[in-house]
């Protein structure tokens, strides 16, 4: 599904609001349902290294239509899924990426990086229901 | 050996039939004996992230002329084969990739992704004997 | 839009039929509307170098929702669009890539390579109306 | 210089307003003075292929601290600057990328793609003075 500008803007604004509450400087990436970049914001003082982490979490969630940390379970070395983490240009399998839903349907994906995984999860969650 | 169109078609059809029996939406990649893409099919609703995984499993099987999970044994960190997983553009060392044989000879390679490793193995196996 | 297996199969079969009429060994790539690989076939004796050309033509058509040769007009050095040809991982701007339509709507993209540009165009056209 | 969130938001909003006046569906990329992505917006129905073009124009402007079409003059084959177009991961040397200035100082770079080069230039210009 094509994420609309209005949906992307709403998702980013909701995520920023939560990030400010948590005092986190976040990178927030919004992909449409098929993985093309729709919108992006790097909050002031957010880590530069987190730009690509935010992108990677959103991409990972999109590729498997589930939260990035759920994909991460398949990447656990105990599962011996050698090399899986490097597929599709590199997966990022921890908290902060998830589907964006509107009225129950997936309309895109959000990826957040800048705080702890739990904070990133909370920020992404705030932007994931629009 | 050059996989023929007829062989590739047979391998994919047999794999799809098994995937439908298992209720798995699979990506199926067929390479010729030298690793060049011969045919590919993404079944409806298959994960987009599994496209590259299917390709990677077939490539990995081709590069070492054995099942992808057999290559995976060499990738186990206990073997201290540092960096091996990243060679040849990235190996994928778990179940789902294997040689395709016709009358006992290798005529190509199949890689499957979309279900569990065991399901992918079963689907690939169904397409590996043509 | 998600290209279905049935649509992809119809597009490839129609393209193969035309390729056989023209005595061309073609590579045929089918992408969904957002650029993810849906299906691929390399006909027997088709050039290996044409695998990526077919993929590139389909991708180029998808990225700009028009025929690959129409994108090619923007790539003409006379237009001084320096570097445009290298964007999105490389565009391929000559005949052989185009939208696939079903009942007037775009349902995916086809890219063909193996013959002359005019032959590739004819083969892709045969698969573009399903 | 670090582009601020407020500056990036102002640049994008001014560019979007102009794009709507021109009836262009644009991709708008904002980089800080050092080339790191600060913000991005893909307007509804904008070409997917223009995502990377917008990114490339902004990067090109940033790398040489001048408009992308000014860099393009160095890329003209008449200058025999062989290979220059491929440096830094690929330059994009036509209209649509330029510095963003605030009170006469460069505070970042904007890249726009989606319309004709002249339209992209006009849209980028609207976002370049904040």
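Every chain is named by a letter (A, B, C and D) in the order it is written, and numbering of its residues begins at 1.
The rule is short, and it goes like this: contacts are C-beta pairs under 8 Å (C-beta built on N, C-alpha and C of every residue); 3 or more make two chains touch, one makes a residue touch a chain.
Please read these numbers as outputs of a predicted model, since none were measured by experiment.
The rotation relating subunit A to subunit B, fitted on Cα atoms, comes to 90°, given as a multiple of 5. Subunit C and subunit D have Cα centroids separated by 30 Å. In terms of their C-alpha centroids, the spacing between subunit A and subunit C amounts to 32 Å.
Annotation: 42 Å between the Cα-based centres of subunit B and subunit D. In subunit B, the residues that reach two or more other chains under the touch definition are 48, 51. If you sketch which chains touch which, the pattern fits none of the simple shapes: not an open path, not a single ring, not a star, and not all-to-all.
Chain pairs that touch one another: A-B, A-C, A-D, B-C, C-D. Put simply, subunit B touches subunit A in their complex at residues 47-53, 56, 60, 72, 75-77, 85-86, 90-94, 117. Contacts from subunit B toward subunit C in the complex involve residues 2, 4-5, 8, 36-44, 48, 51.
The part of subunit A that touches subunit C in the complex is made up of residues 32-36. Every residue of subunit A that touches subunit B in the complex is listed here, in rising order: 34-35, 60, 62-65, 71, 77, 79-84, 86-89, 91.
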